[in-house]
Amino acid sequence: MRDSMRFTHFNEEGQTKMVDVSEKPLTKREAMAIGSVYMRPETLKLIKNKQVSKGDVFEVARVAGIMAAKKTSEIIPMCHQLNLTHVGISLDIDEGKNKVTIKTTIKIAGQTGVEMEALVATTATALTIYDMCKAVDKEMVISDITLLEKRGGRSGEFRRD
Amino acid sequence: MRDSMRFTHFNEEGQTKMVDVSEKPLTKREAMAIGSVYMRPETLKLIKNKQVSKGDVFEVARVAGIMAAKKTSEIIPMCHQLNLTHVGISLDIDEGKNKVTIKTTIKIAGQTGVEMEALVATTATALTIYDMCKAVDKEMVISDITLLEKRGGRSGEFRRD
Amino acid sequence: MRDSMRFTHFNEEGQTKMVDVSEKPLTKREAMAIGSVYMRPETLKLIKNKQVSKGDVFEVARVAGIMAAKKTSEIIPMCHQLNLTHVGISLDIDEGKNKVTIKTTIKIAGQTGVEMEALVATTATALTIYDMCKAVDKEMVISDITLLEKRGGRSGEFRRD
Amino acid sequence: MRDSMRFTHFNEEGQTKMVDVSEKPLTKREAMAIGSVYMRPETLKLIKNKQVSKGDVFEVARVAGIMAAKKTSEIIPMCHQLNLTHVGISLDIDEGKNKVTIKTTIKIAGQTGVEMEALVATTATALTIYDMCKAVDKEMVISDITLLEKRGGRSGEFRRD
Amino acid sequence: MRDSMRFTHFNEEGQTKMVDVSEKPLTKREAMAIGSVYMRPETLKLIKNKQVSKGDVFEVARVAGIMAAKKTSEIIPMCHQLNLTHVGISLDIDEGKNKVTIKTTIKIAGQTGVEMEALVATTATALTIYDMCKAVDKEMVISDITLLEKRGGRSGEFRRD
Amino acid sequence: MRDSMRFTHFNEEGQTKMVDVSEKPLTKREAMAIGSVYMRPETLKLIKNKQVSKGDVFEVARVAGIMAAKKTSEIIPMCHQLNLTHVGISLDIDEGKNKVTIKTTIKIAGQTGVEMEALVATTATALTIYDMCKAVDKEMVISDITLLEKRGGRSGEFRRD
């Protein structure tokens, strides 16, 4: 298999294109992505306490993630426009590792997968947590953003070990 | 100092707001952020070879990052709208660590900093690399997204160790 | 029936989500919304006269409403993206009540309704009338924005009395 | 004063234009707008209970309002682009009148006022409350959207009685 | 046939509307548009040389064109939202005529055609070439933007002579 | 002067960047662009007649052009975000040459020019005329899009012969 055939967003001359999915059938597809925001224990405590009292960082971050999922084709140049049928984002505090874990699930009935939507939603959620907390902690690190699972479509199921 | 005063995007009742920067002076500001995309050696080689022949993953990713920087206030809910005066993104291949390193510099003359713009540009660049290469490698990981440096404004200089 | 099941945009933990409509069939749907802009008789007269001579406030407002309908999922956080198949906006002057009445009809073949699209188009039309006339009348009031009718989908027909 | 000079968004031939503010000085400006969402007492109770337990309608609506304020020049055709320096939205439950009251404050240092931004934020907040609650109450009415106060700029202070 | 029936974006009263395509079947459709950017021979040479050495004007322009195609319904007021299934843009240097020729192909399965998407992508590509080169040549001219071919849908095939 | 210095949107390695204008002073700037839409005499007559009776193609096109001017930095990848202080678009029918002529004037006080904004507004206006008329004439041609005049900024005045 030649290289030029493998990076599907380039044609044989190495020019970008939005891949032709016209002949692909509409199938139900789902993708899950994860990511983490590492921070100081005090920052994590502030987020946690806010949630039981006032000022819910997670709620704002979740709204940002859902809205960003819908913007994926505006942010990632070669992404197809897709009308998502479900976006769910769960956020968990892992005190042992001083981090917040983000897990996003996206569904669609379409001609192409929603991996990028899941990854975009996850990073937008992470970035919003950073923004909401940066006044108290500038050294947070966003890491481990990756695709967890993918179902539907010709390439079949993908599941990360 | 009370908690409610520290997360600046919440008022005293814990309600979100876009922070009032009306009284802050216009000053020159700059922020640098970094991030990495870890991938298989074969994927890295494909990117590298393309660059010298045809189909430049980095050029598309760089354009995506620059355009995303300008969209920051649409993606991060509490971010102020800012007219950036410079966006520069450099991409380097680190073969020893099987990763691409992204480094973004943003400048502005404004009433608030451009940390989020630098982080958004960095992640959009990383996500576009993922998108361009995902046909050959679904297990790439975006990590180590963080603020490197920040200059200008009342809070002064920040430099990560 | 428990409360947590009734606000469909929250899950059982009270966290926002974009409702999963993956299993719903594609059906033809339609929604109609109305709204009014109350103003001084002199302002209403200016609008009316302009229409027969030059400077058509209604035409600009109608274009704004149609374009805003297409932006609904960017403005309302939990709204699904929908490719509308028709947007029609009619504007009437009610001199007896010193107001302009806006009536919007939206159609689609989709998995979810277009109530929000109809309401967003109606308010954007009203706000543009306000903007076009605010130099002569700052005391206009936008009121009575509501859903008039809704057809198609599982919940069946809704018609306001 | 001739009519054609009064609707400032039209030129002498009645053609739309974005008003020329090039010669106006940069001044601090502020605008406040209000609006209401009328609903059934049961719906109001659901919102209120959610706030003390889980699923905060107001928080999502507030985020939507803040983000919509930043989109004003994309929604209202003749509005100038403005980099807002503050957006604050307060939401109050008025049980006697079965309504939620929205009050928005916007600030800027610019060449033109922020009335439209305050009105757009107010209606987007109201529309999001409608969206979050429409599964239980389709007959909500958005009303009384109006400018409350305006300060700064050549036309001076405006305060609604 | 009366005039008022022929400009399909107006109703019988001459008011704009987004045409009702609800009853049209989903069919595969394709459109091709072309356009040219005329420039000085030296500018053309700079573009050409860059391509073999460094700084690829065409790659940036192609990305801009693909992204603009997806924005068509935000730019052209009466355009329906469409989820494109393919965007391809080819760029050729015509040294004899001192111009760059742009040719765009768009595909979709939808209820309405993609002519406007092809034209928008072509002009955005042309405008980006202008932007990338304007520091060396302000007198470039964008011309000959037109629909070349159109297939699918009730109105059948169109092919420019 | 070396080539690599002349295409200002590339750095020395030929990588795209948003040019650094941080050190440039804020000055008043203005740009004018023109363009034409060539069409059949019958199409031109339809537009003309509509204007005196009902269904104003030009008004919709003008609104589209003004709104597109504000979107320039989202469409042209390397354009800086600019808050325009004036957008004016005039449309003229040239029956002798079977065309509509578009002339756009843009003003700003900023660190960089508004040529691209004037060109984007002109093409969006032309494309909207195409869209409004394409049901009766698919062979229209958009041509002669070019910069007419430019004032303000370091590079001084430019005027096309």
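Going by the order they are written in, the chains are A, B, C, D, E and F; count residues from 1 in each one.
Quick note on the criterion: contacts are C-beta pairs under 8 Å (C-beta built on N, C-alpha and C of every residue); 3 or more make two chains touch, one makes a residue touch a chain.
It should be emphasised that the depicted structure is a prediction, and the values quoted were computed from it without experimental measurement.
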Intersection of contact partners for subunit A and subunit C: D, E
Per Cα centroids, the chain farthest from subunit A: F
Listed pair (A-B, C-F or A-C) duplicating the C-E contact set, over half by residue number: A-C
Chain at maximum distance from subunit B, centres defined as averaged CA atoms: C
Approximate Å spacing (C-alpha centroids) for the pair subunit A, subunit D: 31
Two or more partner chains touched - positions in subunit E: 15-16, 56, 59-60, 63-64, 67, 71, 74, 77-78, 82-83
In contact (per the touch rule at the top): chain pairs: A-B, A-C, A-D, A-E, B-D, B-E, B-F, C-D, C-E, C-F, D-F, E-F
Touch list for subunit F against partner subunit B, complex: 11, 15-22, 73-74, 77-78, 80-83, 110-111
Subunit E residues touching subunit B - in the complex, by the definition given at the top: 56, 59-60, 63-64, 67
Subunit B-facing residues of subunit D, complex: 28, 58-59, 62-63, 66-67, 69-71, 82-90, 107-109
Footprint of subunit C on subunit D - complex, ascending: 3-4, 6-10, 13-16, 35, 46, 49-50, 53-57, 60, 63-64, 67-68, 71, 74-79, 115-116, 119-120, 123-124, 126-128, 130-136, 138-147, 150, 158, 160
